[in-house]
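The following pair of complexes shares a single chain, subunit A, combined with subunit B in the former and subunit C in the latter.
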Partner chain A sequence: MSLWVDQYRPRTLDSLHYHQGLSDRLKSLAASGDFPHMLFYGPSGAGKKTRISCTLRQLFGPGVEKLKIDQRVFLSPSKRKLEINIVQSNYHLEITPSEAGNYDRVVIQELLKEIAQTQQVDLSAKQRFKVVVINEADSLSRDAQAALRRTMEKYMSNMRIILCANSTSRLIAPIKSRCLLMRVAAPSVDEMNTVMQFVAKRAGFDLPPDAADKIVEDSGGNLRKAILVLEALKMQSPDLTGPLSIAKPDWEVYCHKVADLIVSEQSPARVMEVRAKFYELLSHCIPPTIILKTVAERVVERVDEALKADIIHWAALYEVRMRNGNKKIYHLEAWVVKVMSLYKQFFYNIDMSEFD
Partner chain B sequence: MAPSGKPHSQTKRMQKKSSGSSARPTTVKLDGPSSSVPLHPKRLNPLTAFSNLTQPTLSPESSTSNLAPKSQKGKGKAKQRKNDSPVDNIDDSLWIDKYEPTTEGELAVHVKKVEDVRRWLSEAFDGGHAGKLQKYRRILAMTGPAGTGKTSTIRVLAREMGFEIMEWRNGTGETIPTPFVEPGPSSQRSGPDFDSGYEGLFTKFEAFMTRATTCHDIFSASSSTSKSTAKKRVILLEDLPNILHQKTQTQFHEALQSLVTSPPSNPPVPVIIIISDAGVRGEATDERRAEGGGWGNNQAQAMDIRTVLPKTLLGGPYVTEIQFNPIAPTLLKKALQAMLNTHFLSSFAISSIAPSKEVLDVIVESAHGDIRSAIMALQFACVMELPGPNKKKNQARSALILEAVTRREQSLALFHLLGKVMYNKRKDDPPNPSASAKDLQKERAIDALLKDATQLPPHLRHHDRRASRVDVDALYADSPIDSSLFSLYIHQNYTQFCNEIEETEGVADWLSWVDSSGGDAWYLANPHQFHLLTLGTLHSLPSPVPRRSQKYFKPEFFSFLQKEKDAWDSVRTTRDWITENEVKETGGFGWRVGGWSNNDVVLELSSILKASDAESRRHQPSQSQQQTFQPPPIHRLFSRMDLTRAMGNGIRAQQLNESDIGLDHEFESLVDGDRHLHNTSSQSNTKEGEDKGGWLESDDIEDF
Partner chain C sequence: MASNFFATKSSSNKNSVKQTVEPALQPWVEKYRPKTIDDVSAQEHTVAVLQKTLTSTNLPHMLFYGPPGTGKTSTILALSRQLFGPDNFRNRVLELNASDERGISIVREKIKNFARQTPRAQTTASDGKVYPCPPYKIIILDEADSMTQDAQGALRRIMETYARITRFCLVCNYVTRIIEPLASRCSKFRFTPLDSESSSLRLSHIAQQENVPINKSVIDALISTSSGDLRRAITYLQSASRLSSSTTPPTPIQPLDIQEIAGVVPDGVIQNFARILGVEIDEGMDIDDSSQQKTGGFEPIRKQVKFLMREGYSAGQIITQLHDLVIFHPTLNGRKKSACALVFAEADKALCDGADEELWVLEVGLRVHKAVSS
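On to the complex of A and B.
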């Protein structure tokens, strides 16, 4: 049995529940025969990938849903083997180059060149081109993006690229200008409610509106998260009535705990405690940027107005450093120490002024 | 040997020579400036040949000393016998080979260690008291820094207990390893055999292992040794196959594994593996840098016991590890003294004079427990002579030169490196209460050399610091680790040295800055990382730092890295499980197989995974639940985080102790030293006080 998120996911542009305008436009684009490179962007859980696969189906028909997974081996310049999973059908191919880490450029180049140089052999195919879907395009390195840019121009005749990203800010301008930008916004509360009811109906139970509201509120616009939570709740208490307690994922609780630690005491010993927590989070594969973001948001909630801007400022600064650096823990910790120091000074100053 | 110290000493020597030039050896003439005779291919002694080469350059000086031979007459007479001896007479074999210990008494290794090894060997051969230990005495791993007498111990014990050592060597051309003790005719046979085709080095190694464990020496009956002793043999693996190569390492591990699992042969042939702890310098950072997505092969590049022996064996009963510590100075000095005595009793010694006590001290001190380097230095000291009118001054000078020559690259142990940085000593620091008078004097001497920094303008006043006693350049030169690893050590330990959060701020910021400076590739790396980091840390730490007998810890970073790697594996497994489910559901083809990214799995799936866990726990007894949702249990590696497990569960920072890098067991060596001092009180009684002063208390270790 697969997850509800996957099971009840709409498969055609027509069956999508929200962003009707976007669906119409995609449909006409697919019909026009002049399909551009595209960049889907928007927050996670908004339905980017769903829309991409629906568009593909619109382009190529149901055959595009016959997928197989290939594992391809690429050689990095230093002769290191990189194993990348590639999902493909006869008409398209989907990769997540960020799996290759710093060597994503190699993967992008090799793969795209190979695709671009082979003609579509299936004469019954609706389109003459193949589509390459690149997931997590915003984590592509600069090198890879530059490589992508040349390829996009050169092989336009028999290949289209669909990029999927959370935000466009990390993509270089030449790529953005070569793509048709499609913003997939997060669904509104009502839209989410509709989808939840739809899922409940398909799964064969009644979802009390209260419960739906609560789940939606908790999910923060992330529909995937909402449906997952719904399924988890259903698993725990089949009737979904009474007071619902939506358990936060462990990592989030943990991050909040870290924030509390920071605010409650500021000392070198506390730094060590926080470090241990950070290590624990990192070793559970939680992306460091997410850790920093979650902790910072929580800290900001709990401190005085005057400090909030500073705390976010330093979080931004150390996040940039984190991207450049290798050892994430340094930057997380440097931020914590900074915040602690700011916080302490702030209180120290208040006390002094009161004495005056 | 670095030539830096030589010209000076050789100059002096030549002066001396010319003063008694009547018996000048012929080789000198041949090399002289006016020589028209071609050099015949005579074997040159590198040490003396060098002195000849320097001769032409010092003609003015030598002429003046020629004019005044009388002033040095007294000394000249004393050295007369030296000048009589032709240069060729100097034995050119190295002392480490010539004076290799043959009995346990000559061994400078601590008695207890030798006893450990002997006991192990006897248990391996005879099975110990109960006679049943043979099974578990299969592999002995002798570890320790270079020059701590690991190999010598085995050789001495081989002689004493009468076993033969079969040593494996990575020959390039040889096909059959030669017996260790007597490279007899058997080694002659073993020239490259081109007809038999190429045999991989590792195949040879495996063949050697099987032959050495199972086959008996057919010549033993005919050889002079009696049958019973000839039977006892050990395999010595010192020159290991290239185990840094992943495949070879696996093969090697397999070979060892099969060796221990097979029943011991009769007679048992224990395997002894000698692993010299190489420094950690040259850590493969760019491999780690490539961590982005696939962590790369994260294996430590340094050779240590963990790479040599497979994990299963290390924890298992078949492997015993005996750690050798650096040789205690007292033992070292005693051994060197004994060596000198034998040397100067022998006939070879006429060409040189015995080095003074001070020189010996310098050698002992600079060797840092490495007896091999100490003997090398000693031999050099005996070749080099510094006669002159002022004996005291010369000795001081020779000590200075020796110090320059014998300084080893990795002389500064990690422990001390950290100490130097963390204690952040500055000019006019209040002295440590436990510091000895000698230390205090040393500190004062350093302070006298330090210049006070000019005062900064008011707006920078908060950056004012007293002059630091730490010489960053010297630290950099002596650092045994690269800056990336160094930063990890600093990161692990800096908080202990701060009282207030403001003080940690600087260090944390510097760590972050240094880590993010430079590029990803090795050639873009910031070359000043070490300096930036050290200076930044020194600048930020309070001065003087609080002292509360801080302990240094090894960075936890790597264990967490390992944990993270495992967790990523579990993420992938879980993701594969989702897609597999999907494919099954849709009958052969899944249309959403690429739908889940790793991050989605980590961040959003955990709620449902947790729920399903709880569910399955509740329904365990009654299997009634429709068999639906069974994620691979490995997902807990990333989805489950227990707050109750508090700090750094499972992974504890290991305390960094001195044995990791240099001196070990000061206490033991002190006790040990005392005992030996009593034995040899005639020579070293006077040095006792100094020894103790020189050997450090744990508290002021950073002075070292």
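On to the complex of A and C.
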């Protein structure tokens, strides 16, 4: 038995619930025989992957859903072995290049060339080309993106690429200009409500509207999260009535605790305390960016209007440094100390700008 | 007379392409690549110089540089095709680009081996034409700025040793990434971004060939979104025509479609965002419905940023467009504009480093707000 998210995932373009215009477009593109390279982008949980798999089905028929997992070994330039899992059907294959880390260029080059040089031999196949789906395309390294450039033009006759990314900012311009951009926006509140009601109906129970509203509000436009929460709640209280408490994930609660600590007292001792908490979070593999963002958001809610802009400014600054740097904890701490000193300055009205 | 000769040859070339790839599946960028260097849009100076080499059969090492989509690769491919003809093309020209492995080992082996070969005798062209077929080979290193320093260093001597029988053509976007010793061995050709006239001429030519009905406003939209990059403009045109022809009945292409394909954030959305940041937008009659929006303050800005992120617009695009709006704003003074420009520059750097998008759009919003309202 699978999760509701997978169980009730739309399989065809017709059964998608929202972005009707986009579905129509995809359908007509798939039918036209002149299928371009595509780039799907949008926030997580908006339905990018669902749309991709629906499009593939539209292109090739139900055969695409017969998946097998293949483990391939690539050799890096320094003769190190890279083992990459590739999900593939007869008509397409999916790769997540971030698995290869720094050597994603090698994987992209080898794999795409191999596909580009083989022709479809099955005469009954609907399309002459094979589709390569690249997940998390925005984490591709510059080199790998450069490697894609010419390949995308040269081997157009027997290969199409579908990229899936959260944002187009990190993709180089030549790639963007070779793809048809498909923006998948997060569903609106009404659209999410419709989907939730649909899921409830398929699962065979009635979803009270206030519960649905609450879940939608909590999910922040992430439909996958909403449906997962719905399933969890259904397990907790089968009738879904009365006061519902949507359990926040532990790390979020923990981050809020950190924020409260920062706001309530500013002293070296408190910094040490916060530091211990950060270590705890980091050791549980919570990405440092998410820690910083969650804590900053919570801190901002609880301080004076005049301080908010500054706190976000420093958060943004230290976030970049964290990306460039090696030790995440330094930058997290630096931000905490900065916020504390700002807070103190604000209250005691001391000008400490010469210490910057 | 000369043009006549080229015209007949280009048609024969087309035939040879058709056998390999079905033309319908070919991207128009490939399909309408110039067949002779006379076809290259704009770039009169470069074409004039290269035209001479065709007659004198003497060619220096070359370095083509310029922004993407200005015809660098097209020019060298067309030139070598004109020099060698279809039959000799394969054994006289080696094209390597960033999708090929191009580390130092390849330079040492593949490039060196190819450079070392004495060109084979000229075979008579199967299509009955006479090609100059000068006694050297051409190695095209496309996207040469992505070659490593070491690999470039290894090229130095090779270029000189085999200069008698091999010519190199380096193609790159940024001439500064080519090491000085290599650059000084080549004659440099700068490719300038295409002016709107030659782009619109080329675009309408393609549209005509493909039977796509487009009007002036669509061409203007294509040119303004692609900013001198002809390849981008052609790709957008093709995508737009795909979309319009796939619906029944075919709908004419609108400028708005082009914007959507190009991933541009609609003007209304950006203006709304700018208004919340406290930048005055003057647009006459729309004033009444915008007045409900509260301007300024932390909460409205954060809400708007959340909205933008949920809509899935890319941060880079938002910042670019906001930048254009602020910098060309009629009433803001210079000091405010420079403060804003500083913010945009920092944000761009941060995004290049892979920073969190939401955080940085929020940061840009807050700081622009502060700069404008101070």
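Definition applied: the second predicted complex is superposed on the first by the 346 of 356 C-alpha atoms of A that agree within 3 Å, B and C clash if a C-alpha of one lies under 4 Å from a C-alpha of the other, contacts with A are read in each partner's own complex, and residues count from 1 in each chain.
Note that a residue touches a chain if its C-beta (ideal position, glycine included) is under 8 Å from a C-beta of that chain, and two chains touch if they have at least 3 such contacts.
No experiment lies behind these values; they were computed from the predicted model shown.
Once the complexes are laid over each other on subunit A, subunit B and subunit C both fit without any clash.
In the superposition on chain A, the chain among subunit B and subunit C reaching more residues of subunit A is B. Judged by the touch definition given at the top, the superposed model places A:T289 against subunit C, while subunit B stays out of reach. In the superposition on chain A, A:R224 makes contact with subunit B only, not with subunit C. Contact with subunit B, but none with subunit C, is seen for A:V133 once the two complexes are overlaid on the shared chain. In the superposition on chain A, A:E99 makes contact with subunit B only, while subunit C stays out of contact range. Contact with subunit C, but none with subunit B, is seen for A:P43 once the two complexes are overlaid on the shared chain.
When the two structures are aligned on the shared chain, A:V337 is found in touch with subunit B, with no touch to subunit C. Looking at the shared chain after the overlay, A:H313 reaches subunit C, while subunit B stays out of its contact range.
Using the contact criterion defined above for the overlaid structures, shared-chain residue A:V253 touches subunit B, although it does not reach subunit C. Touch criterion met: A:V87 reaches subunit B, while subunit C stays clear of it.
Minimum Cα-Cα distance between subunit B and subunit C in the superposed model: 10 Å. On subunit A, the surface patch touched by subunit B in one complex and by subunit C in the other comprises residues 320, 323-324.
Residues of subunit A touching subunit C in their complex: 24-25, 28-29, 31-34, 36, 41-43, 46, 77, 109, 112-113, 128, 143, 146-151, 153-154, 156-157, 167-170, 173-174, 176-178, 180-181, 183-186, 220-221, 289, 293, 296, 300, 305, 308-309, 312-313, 315-316, 319-320, 323-324.
Contact residues of subunit C toward subunit A in the complex are 20-22, 24-27, 29-30, 68-69, 97-101, 103, 142-143, 146, 226, 229, 231-232, 235-236, 238-239, 242-243, 245-247, 260-263, 297-298, 309-317, 349-351, 353-360, 362-363, 366-367, 369-370. On subunit B, the positions that touch subunit A within their shared complex are 285, 288-294, 296-297, 484, 487-488, 491, 495-496, 498-505, 508-509, 511-513, 515-517, 520, 556-557, 560-561, 563-564, 567-568, 571, 578-579, 581-582, 585, 589-595, 597-600, 602-608, 610-612, 614-615, 628-629, 637-643, 647-649, 651.
If you check the complex, the residues on subunit A that touch subunit B are 1-3, 6-7, 9, 11, 44-45, 49, 53, 65-69, 76, 80, 82-83, 87, 94, 96, 98-103, 133, 135-136, 222, 224-225, 228-229, 231-233, 235-236, 247-251, 253-254, 257, 266-269, 271-273, 276-277, 279-287, 290, 318, 320-327, 329-331, 333-334, 336-338, 340-341, 344-345.
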